[in-house]
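Next come two complexes, and both contain subunit A; in the first it sits with subunit B, in the second with subunit C.
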Partner chain A sequence: MLMFTLRRLGAGVVLLIAITALTYTLLFFSSSSIARNILGEQATQDQIALKEAELGLDQPLPVRFFAWAQAAVRGDFGRSWFNGESVTDALVNRTPVTLTLMLVSIVLVAIVATALGVLAAVRRGWVDRVVQVGAVVGDAIPGFVLAIILVAVFAVQLAIFPAVSTIQPGAGAAAWIGSLTLPVIAIVLNYVTSSAQQIRSAVIKQLEQDYVRTLRSRGIGEGEIVLKHVLRSAAPAGLTVLSLQFIGLLGGVVILERVFAIPGLGALAVGATVRGDIPIVMGVVILTVLIVIVVNLLVDLANGALNPKVRLS
Partner chain B sequence: MTDVIRTPTLTTRVPRGQVRRFLRNPLAVISLAVLGVIVALAALAPVIAPFDPNFADIGHTLADPGGANLLGTDSAGRDVFTRLLYGAQLTLLSALLCAVVAIGLGLPAGLIAGFYGGPFDSASSWVTNLIISLPGIIVLLSVRAALGPSVWISMVAFGILLSPGYFRLTRTAVQAVRNELYVDAARVVGLSDARIIARHILSVVRAPLIIQTALIFGVAIAVQSGLQFLGLGDPSEASWGEMLGDGFQNIYIQPLLMLWPVLAIGLTIGSLVLLGNAIRDALEDKRVVSAPRTRAARTVVEPAAEEIPDAADVLLQVSNLSVGYPSADGGHTPVVRGVSLTIREGEVLGLVGESGSGKSQTAFSILGLLPSSARILSGTIFFRGDALVRGGIRDAALMKGLRGRRIAYIPQEPMSNLDPAFKIGAQLTRPMVKLLGLSKKQARAQAHALLASVGIPDPDRVLGSYPHEISGGMAQRVLIAGALSCDPDLIIADEPTTALDVTVQGEVLDVLRSMQERTGVAVLLVTHNMGVIADIADRVAVMRQGEIVETGTVDQILAAPAHPYTQALLGSMLVGREPLTPLGIGPVDAPEPVLNRADRALALAVADSDREEPLSDAAETALREEI
Partner chain C sequence: MKSTSLKVAALSVGLLLLAGCTAGGSNGSGNGGGSTEILKIGQIGDVSSWDPAQAHVGHALMPYQVVYDSLLRREPDGTLVPMLATDWAYDDSRTVLTVDLRDDVTFSDGTPFNAEAVKVNLDHFKGANGRQAVQLTQYQSTTVVDDDTVQITLAQPDPAMEYYLSQAAGLMASPAAIADGSLETTPVGSGPYVFDTANSVRDSQAVFTAREGYWSPDLQKFSGVELRNLEELSARVNAILSGQVDFTTLDAKSAAQAERAKLALIPDYQVDWTGTSILDRGGQIVPALADVRVRQAMNYAVDRETLLQELQLGYGTATSQVFGPDSSAYVPDLEDRYPYDPAKAKQLLAEAGYADGFDLTLPVISAFSTQVTAIAQQLGDVGIRVTQETVPGPDYVANIVQGRYPAFNFNLAQTETWVAINQLVSPTATFNPFDTTSPELEALLAKVQAGGADADAAAQDVNRYVTDNAWFLPLYRIDQIAAYDPTALTVQAQVQMAIPSIYNFAPAK
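Take a look at the complex of A and B:
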């Protein structure tokens, strides 16, 4: 178990290094006009040269990367090139609201999708049809378009929810609830049916297993079979789907945060991307890759706990 | 944005008729038509569009539809209709680029990795896993920061991100096909690898690739619109996402502005998704074979009513049982036809026949555990005078009450019949706690005794083990113990030794025999193996193609099989035993000699070591066709 965790962490570190290096190299080629962007059009050639030297832009790529990586390993990700805010501060301020939005949504998706998926698999009938049709509709409408439609209907036309969030960076959780309701609904609606469909397939697959018939032959009730045995064996498939959804959501919230004007990680990333604020972009990339690694590790550990065969190897 | 792309299931080669089936699906035709119109409008944009896409009339912004501006103007006074048309052009072409990149990378890599395996396979699988674990939008943001706002660049990058989908699809398909006989045959004939790939393998992956591409087109459109909506697109080009962003900015002033791009994006992606589903349905032939509600169309064969000498000790009485599965014409194809069986208290009845003869379906009917698509078409099943099935209608509640408690079941395949996630102790004790009302501790002690009684030397270790930690023979003993645990009156054993190693089969058979002798439980023993029957059965019923062809005591049937099929079954015990003919046992096609008891014992000894399932005609034909 410990070895397994360590091996996965090792693989995660390799992934992190590979992606960091790749992104840094990509961004290196775009940074040629950064100094002029920062200083403005009227800056003189000398001023630009001075700024480039200050940011280290005059150094060759390997030198810059290792300087950056050395600092990063110590926890210093540098400062924004544009407003001087430390990257760590920017991330710490912006991450909670984004993670809250994602976690609340994915937990709701998990609960609703499991209920729908199991019902659809066991009862078939109308629940099954809703899940099937819903999955197609969910595929057909991009999440942010759905979010825009929700804003247009519920915030603008009916004025039930605030159209834009009133969250300030660093504000407390209480301020979030009203503002996060509509975004959470948008995410859940967008993700729930396709998860439900995957869970449905996994449950149906388990229901067809021989051991289910044998359990029935032993006089075990249908409810106990589904909730105790089938759900447990179907859980790894469900967890995998949800983890993929969660990773997809890391990208999804970037656009959703714009739609709902939530000052989270996505908004930070978009702003930095437009300006070419490379330290911030690097910070966001590292944070998202870390989240991906942690989520995948947690799912692997959970699957290991659910499946005794995996646990041993 | 939903980055979970469901990989279409693989289907085998495309027979004809699927195009027709596809075109009969109204959703398919509608989505094709919608896509056709969108493509035509995009292609003809320069001809149809009344304005230049970037012509801005500053004095005429956010205009309502009408006049020269069919759909109004945007916040910069540009014509919405014109920009919608040019946006379609950009969207479709760049999505095409994305798909081409994804296919261009994923398909060849998948072909090579699947066909040759080896280091390339490992390396490309590693890269694939790396790409899949990236959050797509974040990568695209970095690419945008590095390489600028061009939609073409971001779609190339996105194509790379999507290529693992094609890689996995192709690799799996190729691996599945690579070892097929027809590919081997092609290789023997001397076709080059390239020819084999082109002819045999691409034809297999073609259909799933088309489905995948339809979905990926949709995802590409969604993602690029998202980026443009964020203002990360190229401002010099008209795009749907940028229009959506503009409309969203002005949602309070001109809500209509948002409607058009939403419609364009929704219709295009929706049509693509429906198209992909329609192709998949056409390939999978997803016509739901609905079970007819009436049981009018019964194929009932009048049974030869079996003689029951002493009705008083009858435990189970099956009469005229027919079981069917839904067929394409809306009726049922019977797999069990007019079967009648009687089992007396403490008796072992062997139900023998080859695979597909309907013997297992008969057994599951008695347990009430037929697959959900199966239907009892007619007949009655009485257990100790209670009707489990009467007039073809099951009493599900009664069956449920008997299962485990009065009628128990020993399955064929030991490993797949234990839940891999639970320890054996938990699986054995649960029915005793539930049905007999024992405490957990009592049940545990009982399970311990049961395991010892079926010849397990170390019950404590087995009770604390997961199914994968014990051998198949042990697992089968556990299942026998499980069947015995609630002291049933009847055990239905479905090929209880077939899946085991030859050396273990004899041991498990011994366990079954001694268990039966000790407890006096009645057994319905389903098997294809006459040797097993001879070993422990009192009476035999021979089944063929869903019907009972012969019934009698073991001595009668083995000594003087009346039905040719029974003779053939007895003969099949000796298939491949040519060297033994000098001992006096004739080959298969020779007329079956009437054996005396000593000869019979010899034949059975031989049969005991020949428990391989004989090939049915159908299986043999199928094999030949494959070759």
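Take a look at the complex of A and C:
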């Protein structure tokens, strides 16, 4: 287990280096007008040249990348080129909001999808058909369309929830719950049916196995069979799809954060990318890669804990 | 589906109980000002830096007014009145402006406001390479005459200098804050409200509380100000419909929705004109454009009224001139200089030798794709074949000012005459990348620059010159859709400013 973890972390570091280098290279080629964007359209050529020298934009790519990497390794990710905010501060302020949104959503998706998937697999019939149709429909409707409908009904018409986020420093749990409920519902509606579909298939497959017949013949109740035995065997499939959805959520929350004005990572990333604010973009990339590595590692460990058959030794 | 909805309903009911207390929106407490009302505005973007040297115009100027005073103040109709300055006058050469200052003002950190503070601020603005650095192009130095008098020396006369002192260049920050370099994140001014660092989040919201003992209580009408950063139009619409903000800017398509919800729109609020600027008047990229008849033909080929109805839902005024009704260069007769007349357009093209038309490439970004397509279609009807070339959004302006395209579409503010001239008309203007000029035009510009009695007439002649010579293809002036809750506040339009000055807002009685 320990060797496995260490090997995965080592692979993760290599992945981190590769992705940051690739991202930096891509940003390098798109950084032609950054100085002008910072200074405004009335800037003269001299002012622009000065700004480019100040930001190091006139240096060749390897020099710039190593300068950035050297500072990053020490934990200094620099400051935003557009508003001087420390990258670390920006990330620290915004990550909790996005992570909360993502974690609450994925937990709810897991609970609801498991319930639906098991019901569909066990009952079959109309529940099964509904889940399958729902999978297609739920995937087809874009998340932001759901979000807009939810806001129009529950926030503007019924005034039950705030239309835009009220999350701010010192805001209590009430603000967080109020602001994140509608986005969470939008995400859950979007993701739950495809997860349910996966879990349904895995459970059906397990129910066809010999050991289930053996357990039934020994008189063990259907409920105990499903919850205690089948679910554990079906877990890897479910965990895999949930972890993929969690990582997909990293990008998927962007539009929701914009629609609801949630001060999270997604909105920060989009704004910085469009403007060419390289220090912030690199900070977000590093954070994202780290999250992906950790999630994948945790899922592998959890799979191993749940089901000895997939454990590595 | 039932299980899902049941579970969602159960969750919602549980959360309802907790969320009920959040539906009322935020309320803070003020410690100054005559009222307990908080002004909540939905902004389209945050400031890039709280250093007033980085202040810009319109949406990117109003936030600074919350916390900084300026030397002069501009009334809603454009009149300049005293603020931190009590009086000002030029010498005969119009290059030395003597300004008398108030002696009873302190910054919120206790530093006194005086002549030395003005000097520090103006020098700081000049050297900071900010977005409106162009405002102090002619600025040379400030001389401290005594504690409440300064003399500002210019290299050449600048008819817009007094105007600039009511704008970004005139904002006054505490010299102590300038010295310690903290202004970027924490503004310190003498203005009616003080920045609340604890409750403000970069790119999300800026919160201010009324300053105790502010020197001009008439300008301090709220107990606090909250600027919410809502970049998405839908977020702004939802926020104002649900009452989380009391004022925000929308677009033509959401205007009807706002009115249905009993929100008010500021009437007759026009700031920008939109349309094509025909930059290549020398024919370097497209030889045909060198002929004035070709450019005039393009103006006749476009049906402004229809485009106004279709693209802007009628929220605007069709026009053939780029100077606005509030500037000294406005000429009422030029409004209709180029009525829609495709037959005349074809005739002019034929006279110029382009009976078979010519090819024209226009750059496109998503914000203007519909407009460019509409114009391209109408130009195509008279034989001008338009190719649309997509440009990445952030590179658009850079490409234009470097002269890569013969023409471009944009929304440009109709500002003070001299400011507009430096933006569009003068040989060194930002949007005159091919340096088009003529002796006749330069003589007129010199008269405008010199100021005095002839300046206004000369300005109108400049307008006639560029309009008759079809330097531009303006479509219409756009109505600012400024929506607000009339039960919460009253607000007046600010001439030539995309969002009203902070002083124009007041609680509804």
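Annotations for the structure displayed:
Rule of thumb we're sticking to: the second predicted complex is superposed on the first by the 303 of 313 C-alpha atoms of A that agree within 3 Å, B and C clash if a C-alpha of one lies under 4 Å from a C-alpha of the other, contacts with A are read in each partner's own complex, and residues count from 1 in each chain.
Everything that follows uses one rule, which is that a contact is a pair of C-beta atoms (placed from the backbone, for glycine too) under 8 Å apart; a residue touches a chain by one contact, two chains touch by 3 or more.
Quick caveat, the model's predicted, so the values are computed rather than measured.
On the superposed subunit A, the positions of subunit B and subunit C overlap enough to count as a clash.
Shared-chain residue A:T98: touches no atom of subunit B or subunit C.
Of the two partner chains placed by the overlay, only subunit C lies in contact with A:T181; subunit B stays clear of it.
Using the contact criterion defined above for the overlaid structures, shared-chain residue A:I141 touches subunit B, although it does not reach subunit C. Legend: residue contacts after superposition of the two complexes on their common chain; A:V259 is shown touching both subunit B and subunit C. When both complexes are overlaid on chain A, the residue A:T114 reaches neither subunit B nor subunit C.
Within the superposed three-chain model, A:S194 lies in touch with subunit B and out of touch with subunit C [touch as defined at top]. In the superposition on chain A, A:V156 makes contact with both subunit B and subunit C.
After overlaying the two complexes on the shared chain, residue contacts for A:T20 are found with neither subunit B nor subunit C.
With the contact threshold set out at the top, residues 30, 148, 151-152, 156, 163, 258-259, 274, 276 of subunit A are in contact with subunit B in one structure and with subunit C in the other. Note for the complex: subunit B touches subunit A at residues 1-4, 6, 130, 133-138, 140-148, 215, 218, 221-222, 225-226, 229-232, 244, 248, 251-252, 255, 258, 262, 265-266, 269-270, 273-274, 277, 367, 369, 400, 403-405, 408-409, 411, 413, 416-422, 430-431, 434-435, 466, 468, 479, 482, 485-486. Those residues of subunit A that touch subunit B in the shared complex are 15, 18-19, 23, 26-30, 136, 138-145, 148-149, 151-152, 156, 163, 190-191, 194, 198, 209-211, 213-221, 229, 232-233, 241, 244-245, 247-248, 250-252, 254-255, 258-259, 269-270, 272-274, 276, 278, 281, 284-285, 288-289, 292-293, 296, 306-309. On subunit C, the positions that touch subunit A within their shared complex are 1, 3-4, 7-8, 11-12, 15-16, 18-23, 25-26, 46-49, 56, 129-134, 184-185, 198-199, 201-205, 228-232, 234-235, 238-239, 241-242, 244, 392-395, 397-398, 401, 423, 430. Chain contact summary for the complex, subunit A toward subunit C: residues 30, 32-34, 36-43, 47, 50-51, 82-85, 90, 93, 108, 112, 115-116, 119, 127, 130, 134, 148, 151-152, 155-156, 159-164, 166, 168-170, 173-175, 177-179, 181, 185, 188-189, 192-193, 258-261, 263, 267-268, 271, 274-276.
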